[in-house]
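Below, each structure is written out as structure tokens.
Two complexes follow with chain A in common, the first pairing it with chain B and the second with chain C.
On to the complex of A and B.
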């Protein structure tokens, strides 16, 4: 698959005439063909779901529009606005503080800020409900202190609400923005910032006018990931009694038994996402985000003191504390009190870990192929293929699970029929209910996670690097292996980790597509929690968090080391 | 086609056939494949007993019932599932309507499972019964104020009722039962009345409703009895304390009886191990398994004469609704639409 792209694809700083040439020559290369193939495979479930859009649906739309639809829309929009604002402020703020400033606790925060990523949002929702609802310790204490007896005597914020959902999701999703923004800040050349200081910008102004715009693709990618997670979250909103599009799709498909209408709702949801992406692209305009210099120096590290230091610490630590420390403490406490950690956990831990590892490797490899193909040949065809392949992330997990199963089983059935007709043997379904099918489903869901990060990072490698490599005789594959991959190593790790952690937490697809007698940690957690035994569910949930921590720590270490030009 | 290529082709065919028959053999040792919506720990122990006694291995896949139906649908005739097991009758009915089940006739099942707890044509059979009842605060509600579910729509309960979301199949079946007896209009009026009386937006599961009565957020809760039993026998002191502040009321004793639902199962249309599947179904309707259902989760055994758990017996006898639970399945979608219309989330 290497070497077929012509040399012309490597051009200097992008400008329109060269662009056209890329298109002309790039299409038809092995990279593009691979990308199209991937897009067909990974996009098939999405296409299957959207294929229902054109099915007539009788009076159901009228019913929905008159009853629940307005609520779904309002809730989903408020949820997105709330979570979007919170994760951007939290993620970018902490990334900047940790990367550019020096204050006590910074070294810990550098890796610890990622910890909430290991927490499934629904688990955090469980813990905060346990803590803050009527029978939880907080309200009980208040009642004891003030002598109130029933909930009618006082007002207390309702955790099971839209506000609660925004808070919980922001707490576990801000690391997506933090991680990508931090990679961006670390990859940036200090020279640019110093130039801005020389030209009279202060630290704040330098941040807003130079660093922030330069990091924009990464911040946008991180926020987009967080918002897609928000849109497709089922566990949290369901538990918090907030009706969103996702719960609506679930109810329409599986409750009312109307897959067509559910897909139509899903299509509306996709429009939300598409609108987001387009708004971002339009506002970015023709700007490009290469760093034009390859000179790297130590990051300056503004020393903070006094109230600035305190504010920075408070700001950074609160995300860590409420997103990880407190829920983890509650989980640990419940586990100790209510459940037995025994050895039948081991195979479950192994299952979860291996599945996540294989899926992460697959998603990163495929993501690199797609991002590179798009770079070599940014034609509308490649771009659409790439977009199609990453749509799966925005569709609710429970729906995508069903959508993945259907085409897979169809192929399986064709094979089975063929074999039984030609060989007279009934082999049953070979793929359905296999580990391979499960990894495929993860790819459908999480390809966007790895791709977005890789794309953003690859976009920052200047084209003159490529030109140089090609001039020196490297083919497309050689350039990828020797130039790009070493340069974006940090982002590849990030991408792999994001997928790993996502797969560890993934529930709906695992639940429905897994083989017989096969459990994962998320499945075990859910099984207990859905039987209303939250506290027993704490132990497997805690193990998800612990296993998820290993790569998070590994990654934080790697990101810190990955700055080109040496250590920070 | 040259003779050589013919030879090669037939060689490929033979080796493929051998290969496939080996893999097919590996699958066809005595076993039965179960898709279940029951929680692992509420079914696995008794399946292990079955394997012990018969030597038939049981492979288990547990997931949500709606998702399992989708999986069965997409797998079609080649599905490896032999039995589909749910915790609510509406989904069994849906599986039948979707053509995923096959009727079976078994004298054992027909003897063990009362007519009202099985499909008239033998597509599915109940394995345990569940009662959905009213729970009330011992401090704030006099049992004499309670009578039927219908009464919960009356204005005297304004701001006092807790019940979970209508996404729960248990609520759907409760309303479906009303539709079967009282018709659509009356049922919608009832649902509207209950929504007006709710103390809070529906949230949480059945246990949460009972706990909310204990904590004073509401005076009345609707829930299944085995959740109450689970709280009373919980190893957590808070749960026991909460349950002890709450009492159980059997609704409809003067009228049509208390609403009953089932957990049950059917043999799939695609079943490759039909004989084993029927054997397992029969085993699950037998005395030993019925006792497991009664003891492990405090459900009601369907087998006539099987003993209820001690705790459940202590609540006394009560009059059960007599309609065939199949009716609940048929009205399922109607009930969801009513919930949407009256704003019961």
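On to the complex of A and C.
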């Protein structure tokens, strides 16, 4: 290089060399304080619910405990057992077939098996009811063919039952298990399987004795997620008249007008959730010990032929067909045939999109603050605050609704009284009367969805990148704005999209908390279906499904790309 | 001979308004200097600094100073705390004890922490840490703040020209080779005109041939800019090539600090001696203040009789002569390019045989099996208290990235 430095570029100190001292509560503590605040806000509804356990609610609780509570508990437990068993068999079976076996259609199935995730359970419930109930095409056809005239002449399974609810939920929830089991199978070193082959184990034995035990943590985690969704479900069980906690909360809140009792029901429901969270956490904790090697080999690819191939295809395609293809076709048919887009459809779409957009923006911004605060100061305090704030995904929407609505209504009333007393102006209900309360509830429920994605991608930005920006004169906020955000833009979009779709689908919280006369697609679908106007419900349901397809396509794309054992 | 952390009197800087810390003279960075530092120069003082992650004390009571315009090198095996020391100087870690002074001003310790963005230091990272979302020019201009756009651009271009990368200004980091990335990173770090440059294993990502060239260029750019530099490396050769002074670190402490020649000629411990190249280390007994060896006795002041000490002899201090009555037998002799390495065995009646290496230059006759006599250059023999350590690996594996914890970022 040149030994003679030109004077004007000679590097000397900037003048004056006096440093800005760090303020007592500088940027860093600002981030941490924000995170603590977020944790408090997100934790508040749950705290409120739990606080109500000790509030006496008089006779009503006793009345409930004698009449419906046992029913709620029994129904919820049966629902969990049924859905749990079905999603495990379906999810693990399809994951194993798709990952380890070779048969025609496997490559398509690998991503297409995720498609049922785009279907809200209640939408599937409506379509199958329309298809299978007494006046539906199936039974009509049977009656025509065999000449039966009334339901006394023959037996047909009743779709609107506990069994029906289990079937419907399993159809849309098995992808959770499929996704996690599949990645567990792919992460397993094939060498382990080969070792089991050389030790005299066949493919079946290798599956049951080696692969399944190794994947058990992931399967448990996937099942726990599916069961959380089961507990969260309101639309299906309400429509099928299977009384569970969610319908009970809805009824006590809106029907009986007893928020305290609704909260207590919510608290009992939280016990179930807590058990699931513990199961999920424990299984994830165990999973860490299972990564023995990072070496990937070609997966064995058992070539299937003959009846084995046919069985595998039937098994895998049936989940896809009954969970997505058939309901989607029915929805499309109904939409085209019966529910012409009427004039009030557009405002509803606008409402849904507006809500989802606001909630997605809020969840992403808050998620960024949390993830960045955790990165800046990974102290135990921040970490537990982040933990707390991301627990919302486990809490059923109806519980969150009750937990947010009651305290917000209290605040609203205080504010309204205060303002009208002092200023003589009637401001109405500022929070609960607007979508603010609803967005807050969505934030509580879906913050974890955005946070997890943001945290993961932020973790991929090397720390020296951050240090480089800091030594080059950017503060914590400047670094976030000029380095991190541009680098993780893609993940921010994905996180926002996931929240967007979840909000579009969300039913119980929306139903309870929406402002008066404020309809969304999900609410409209629900109310039309409740009025037995299934065909008309198809159009809003179809919009939800179509929007819901976006993240599933993204996910499928990621799945198709992540094939460490494959040829790519 | 023994310069182990002899602390300068903690008077920190010459009198005058340039250094707010010491009204009464003496410069800690340069004890010989009583006059104020020249204008435009800067210095770094690490005053008894310690850093710990939980219970684990990674840097322990480290004291050193980088003089104005000087390039000081922290040298040590991986995990000795040198990178943490560097990160403390940058403000990326907080010291738990001691204080850090930059240009006479307290920037860390004693309850003060000036965040890295306000320290005006340049940091050259091991992985270069170029921003992948910015092009080369924007990368270099990133740290030039509070200037009009045109001026920032001119300054960035000028810096790129200095490192010979101006024609890549519109390119992107992923298009560059390792050496080019290193040059851009250097330009980026120097662009805001830092008072202090911190280099963290800046050449470890380059292959050998390129490394020598980039090292040379970097040294020229740094020296012509007059900035004071603190650099971290595990490669003694690199340290001697780059540094005005070297501080040897081990286990979080500074073992010895001095000019390269001093460290080589008068190492303070057998660890330092063996760090700068292969040595013969013999365990011998002390008698009457002398360490007894087959090649005679060497003064061993301060050791008790019958104490076992390490006698450290550099291979190039051993000269050989064919001699049928010699005490040694040649086992193997190899030509290693510029020098020859000769393995020999010295048998003795009352001790197990010794294995000794000698390094010679000139043509190498095939003398395997021959008897030789051995003469030792006494100035290159050192006696140390016995260390139970094995020889440090002079070039350890690539130093791992700094700890994921950047906890004290704000």
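Going forward, the second predicted complex is superposed on the first by the 331 of 568 C-alpha atoms of A that agree within 3 Å, B and C clash if a C-alpha of one lies under 4 Å from a C-alpha of the other, contacts with A are read in each partner's own complex, and residues count from 1 in each chain.
Everything below uses one rule, namely that a residue touches a chain if its C-beta (ideal position, glycine included) is under 8 Å from a C-beta of that chain, and two chains touch if they have at least 3 such contacts.
Just so you know, these numbers come straight off a predicted model, no measurement behind them.
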{"item": "Partner chain in contact with A:468 - chain B first, chain C second, else both or neither", "value": "second"}
{"item": "Partner chain in contact with A:434 - chain B first, chain C second, else both or neither", "value": "neither"}
{"item": "Which superposed partner A:378 touches (first chain B, second chain C, both, neither)", "value": "second"}
{"item": "Contacts of A:413 with chain B and chain C, given as first, second, both or neither", "value": "first"}
{"item": "First (chain B), second (chain C), both or neither touched by A:134", "value": "first"}
{"item": "First, second, both or neither for A:482, with chain B first and chain C second", "value": "second"}
{"item": "Which superposed partner A:313 touches (first chain B, second chain C, both, neither)", "value": "neither"}
{"item": "Residue contacts on chain A - larger count, chain B or chain C", "value": "B"}
{"item": "Doubly contacted chain A residues - partners chain C and chain B", "value": "none"}
{"item": "Chain A residues touching chain C - in the complex, by the definition given at the top", "value": "1-5, 9-14, 17-22, 26-29, 31, 375-379, 462-476, 478, 482-483, 486-487"}
{"item": "Touching residues (chain side chain B, partner chain A) in the complex", "value": "13, 16-17, 20-21, 23-24, 27, 33, 39-40, 42, 59-64, 66-68, 70-71, 74-80, 94, 165, 167, 172, 201-208, 211-212, 214-217, 227, 235-236, 238, 242, 272, 333, 336-337, 340-341, 343, 345"}
{"item": "Parts of chain C lying in touch with chain A, wherever the complex brings them together", "value": "40-42, 87, 90-92, 102-103, 105, 107, 112-123, 125-127, 129-133, 142-143, 145, 155, 158-159, 162-164, 188-190, 192-195, 198, 217, 220-221, 223-227, 401-402, 404-407, 409-410"}
{"item": "For the chain A and chain B complex, residues of the former touching the latter", "value": "63-64, 66-68, 134-135, 149-152, 160, 238, 240-241, 243, 247, 251, 253-257, 338, 398, 401-402, 405-406, 408-410, 412-413, 416, 419, 422-429, 432-433, 508, 511-517, 519, 527-528, 530-532, 535"}
